[in-house]
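Read from first to last, the chains carry the letters A, B and C; within each, the first residue is number 1.
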Amino acid sequence: MTTRASLGVVSFSRADVVRFWRQAPASFRIGTAVLAFHIAVAITGPLWAPYGQADLFVGPALAAPGWSHPFGTDVLGRDVFSRVVHGAHLVIVLSVLGTLIGVVVGTTIGLLSAYLRGWFDTLVMRLIETLISIPYLVLALLAVAAAGPEYAGDPVLLVLVVGFVFSPRVARMARAAGLDVVTRDFVTIARLRGESPWSVVVRELLPNATGTLLVEFALRTGYAPVLIGTLGFLGFGLRPPSPEWGLMISEYRNLLLASPFVVLMPGLMLASLIIGLNMWTEGLARILGRSVRYDE
Amino acid sequence: MSSSSGPVARLEGVRLDYRHRDGWLRVLQDVSLDISPGEVVGLVGESGCGKSTLSGLLLGYRHPSARVTNGRAMFEGTDLLKLDRETLDRIRGRRVALIPQNPTTSLNPSMRVGDQIAEVLRFHGVTPSGPATTKRVHEVLESVSLADPSRTARRFPHQLSGGQQQRVTIAMALACNPSLLVLDEPTTGLDVTTQDQILRLLANLRALHGMAMLYVTHDLGVVAQIADRVCVMYAGHVVETASKTVVFDRPRHPYTQGLIASIPRIAEGGARTGLPLKGLLRRSELPRGCPFFPRCDFSRPSCGDTPQRLETIGDEHQVACQRWKDINPDVDSTRVPPQVRPESGPNETLLSLEHVSLRYGRRGPFDKLLGVSAPTVVHDVSLTIGRGEVFALVGESGSGKSTIANAISGLLAPFTGQLRFCDDVLPGTVEERSANLKRRIQYIFQNPDASLNPRARVRSSLARPITKFLSVASSEVGARIATALGEVRIPENYAVRYPDQLSGGERQRVALARALIARPDLLLCDEVLSSLDVSVQASILGLLEALKHDTAVTMLFISHDLAVVRSLADRVAVLFQGHLCEVGDKNLVFAPPFHPYTHSLLQAVPDFGKRARSIDAPEVGASPQAGAACAFVGRCPWQLGNRCVEEPPPWRTSRAGLRIRCHHEPKDLERLANGE
Amino acid sequence: MKLASLLLTRIALAAVTLLLVSVFTFAAVEIIPGDMATRYLGQEATPQAVAVLKKRMGLDRPAPDRYLEWIRGFVVGDFGVSLASERPVSEVLGPKIRNTAILAVSAFILYLPLTLIPAAFAAVNRDRAADHLLTSLNLLAVSIPPFLLATLLLVVFVVVLPWFPAISAVTEETSSWDLVQLLVLPTATLAISMAAYTMRMLRDNLIEILDADFVRMAELKGMSRQRVLWRHALPNALGPSLNITALNVAFLVSGVVVVEKVFAYPGFGRQMVDALLIEDQPVVQATVLLASGVYIAANLLADLGQILLNPRLREG
């Protein structure tokens, strides 16, 4: 193998990583740093958080922020700092899993639809169009309600709802990306060779849509905490005493006058997570030479 | 106005860089160029040589990521690079005007073309009043031979054909009577006959108004037709300038010679010289000295280190090569005729089309209701292709030649009629065909950028047809790939590369290898050369010729390039708007008698073999007449009155066996072609 | 002919989509576990009482029949009877729709300059400091979820600086000045969120047009910077911008739900959430279908507008 040929091989030597990092856009680097912070809190938080997520009366009710309770306490005397820390892994895991489901399902449907065209495409497009025509929050609320009271507040339901709301939107995106590739000659060659639709999707379309889909995944991962938070805020997400940040903001909203801090801290965490994700997405898109297409 | 003595425009030692990922990339290296009043300078070079960047400078235009570190761009005595936007605005469009490469994207899609011309007049204050502006708009539209100017002025760009759009941009450029026209590849996207008309129009306009022109192109044939003086660029350097005759008869720079040698000449039976360009331009691998050093046959080691300066070696003849004295200027002496395949006797038929008509389906739900139906693209075509021959399908864009290829490959089922392959009826769609049939018909496409999966290594692109079609042990696949790459002259170690690590020509070779690896009986080549630079074209053409010589593969070669067809094909079919006009042996098709359409195609090909052409040849009608029995009615110079409109033309066979579909007898057509 | 076919196809597709949404909505409400009558009367109700109520509500008939009847009623403006208030749904929703319309329209009016001006400014000054500043601010704004933004505005302008009332209770007697005061914060929240959302899209869209060949051509035929921008670039950016605006209507519907909840604004969105919480199915069905209908209509208008603006589509 010559040196030229090895250019195509992805290698992970330390020097390469350092060079990549140096050349990466600032937004990518800042985003990565913010995300690293959040992931560190999510993974290690439960080990060093002073109290459990639902420990009652660990201090006086509605204590002001101080050494023993950095973010103060709530009406039930729970330590807000510990709750915020415990919320991190919850928000991140739910968001990533939900988005993953949406992207996998959406990509499969979208790419197949792009390649097969015909009645399958028409049918899929109508379905996608129908689901997208219901504003995403309304669709999510409807889905939670349709699941019934038995599953209300179940994290699995929440993950599925996020996936359900995202998948038609991802499918539309993937279909567009797929259509872009389908017209190229190498796909025609594959078809003339008699490849099965599945083989064309996996071998020819998917590898050429990964950039677009990666950006889409990152973007949607940024939307997921908003959706989960909003559902929690409206009373359709996780149930108390879960320390999900949106739910916390909703719960503590009445305490605004007494102690604004307990609302601001989960809010700050949520906003910084989303900022980190958005900056990372922005940077990633620039590295991959693609534009971020904001969508609802 | 400029003084009559000095040049109207002059670039002086311009050095220009583009911002690059890490630093600056030199695009123009100390380029100097003079254009005298009324002179037409042709600027020639391969893609990426910096010729478009150079032409922009004459309008004071630089890309936002470009910087000029040295030199001046003088126009009528002022340096355009020093002017502010307001001053430039008064010169652009008024004193110097651009005719862009792609009229379709260069015209504002939401503005009527008349308004787009009028705004130039109004903005530059050329016409005093509204009515005067309208009058002038109609005047310039008429001057570019657009019929019914007042109607045309109200059209939107998309309602005009490519040729008409280019006429509009020419009218726009002429509106203010500029002293210099900059033409950036103005006919590149157009068909030969349209190109021919545009070139004639430009020559006429120049004779009439006497403005100077800088004509930028990659096509030497076009330059031969329009330029007074030629300037050859290579990798940001001007390597040779001289009058047109000198450049074509006694080129001194090895690059110029190679460029000329690379082009097959239609007039000489498609012969090419023995010295085509080798290798290709890689910007990242330029030596310190002569940029052409790595590809030059005459180079000495010192050439790589010594920058070459333009040196005057004769009357207005300048060359940037220290070895010019050692180079034989007579290119033609090395010209060789194309290889002739040994006669193989009567061919058995491999593929036949029997009364095939084709149309693209797909209708909206309301189209049927409103009476919109898919038009027929190919009308009742019957052809036979013999085993082992190279059969060429020739025609302009929209002639249906690629549609026929789609039908053969099984992408489009015939609307009526049928195809036979080895005497068996060929199923209409690829899904209905057996794996073995799929193997026996292989396809290569026009665009090398799209023919290979960018995310798959060469190896896996080639391995797929092997596993799919051939029962080969997996241990042997590697060896097969190596052999296949060898056949297309690609080094074995390229197997691990991704397509973006290959040049356009290399990609096209890999696509060829992928088709050949299946051991096909029939190879469909759809415009495989048209998006490649001439030097690369020449090498692929050489490869195809060798293939034709060495293997028994049958080729259906689709092209709009008559010179290429002439050098490669055994038999030729000419298509016009989905109708077959003429079929026969290559040598018969390219000699009288001609079908009227074939004749006009051959007339239109810019070929520096013929040089000077009559400027005042009669303009043929632009658009064919709808509904006529013969598709060529309206464009035909030899039309036989109403008979051609009412009666479908019959197929006639000449004595030599050429089949022509025309009301004229072959002997009459021969007489007409010879101008009797 | 071609234009007519194009317009008819778009309108028919929108109608089909709306029909599918109605089927979907009806089905989603149908599958909510447990039947409506039992839930309404509570677990202790006698089977007879449930049966009587079922009959009264028509629940004893097959679902397709009930769907047809519902959709037939919908067409003539009869949305059924609310389970919670036992009043016709149209009567319940009427004033709420009016309130939400006031909120949505004022938010939209505020949103337009908030997105157009920065987008155009950033596009024209692409890759310069102003562009970087605006896109960074935009990134920040996109990252604050509407419910958080609403809460923050509440903290600042109601708690810290008590300029506005916290609760937006609109009644028939609310004076217009009070109404304006009540509307400021919810309107600002919606407008800022929407603008954050679209500014970037508009900027990218404009940049794409500014890079087009015909814009460069206009420059090279000597047109002034102003004329290039206003006569050549912007008219061609208008069509795609319409679609972005339609997208915003979907965002507006979702945003209204959140904002009305935070500011206790008696509107359509809050009514929907309340109906979902107490499973007042006729109200849920009506609100979901209306919300989707608004979005579908907005999209359709944007499509038709784009067709009519684009000469290529308009004049075949």
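Definition applied: contacts are C-beta pairs under 8 Å (C-beta built on N, C-alpha and C of every residue); 3 or more make two chains touch, one makes a residue touch a chain.
Keep in mind the model is a prediction, meaning the values are calculated, not measured.
When the interfaces A-B and A-C are ranked by how many C-beta pairs touch across them, A-C comes first. When every chain is reduced to the mean of its C-alpha atoms, the one closest to the centre of the whole protein set is B. Centroids of subunit B and subunit C (each the mean of its C-alpha atoms) stand 51 Å apart. Chain centres here are Cα means. That of subunit A falls 49 Å from that of subunit B.
Subunit A and subunit C have CA centres that are 23 Å apart.
Subunit C meets subunit A in the complex at residues 13, 16-18, 20-21, 24-25, 28-29, 31-34, 139-140, 142-148, 151-152, 154-155, 158-160, 197-198, 200-201, 204, 247, 250-251, 253-254, 257-258, 261-262, 272-273, 276-277, 279, 284, 288, 291-292, 295-296, 299. Of all residues in subunit B, those touching subunit A in their complex are 409-411, 430, 433, 435, 438, 441-443, 445-447, 450-457, 461, 464-465, 468-469, 493-494, 496-498, 501, 514.
The residues of subunit C lying in touch with subunit B in their complex are 1-2, 4-5, 8-9, 12, 212-214, 216-225, 227, 231-232, 235-236, 309-312, 315. Only residues 1-2, 4-9, 184-186, 188-195, 203-204, 207-208, 210 of subunit A touch subunit B when the two sit together in their complex. Put simply, subunit B touches subunit C in their complex at residues 59, 61, 85-86, 88-94, 97-98, 100, 102, 105-111, 119-120, 123-124, 156, 158-159, 169, 172-173, 364-367, 369-372.
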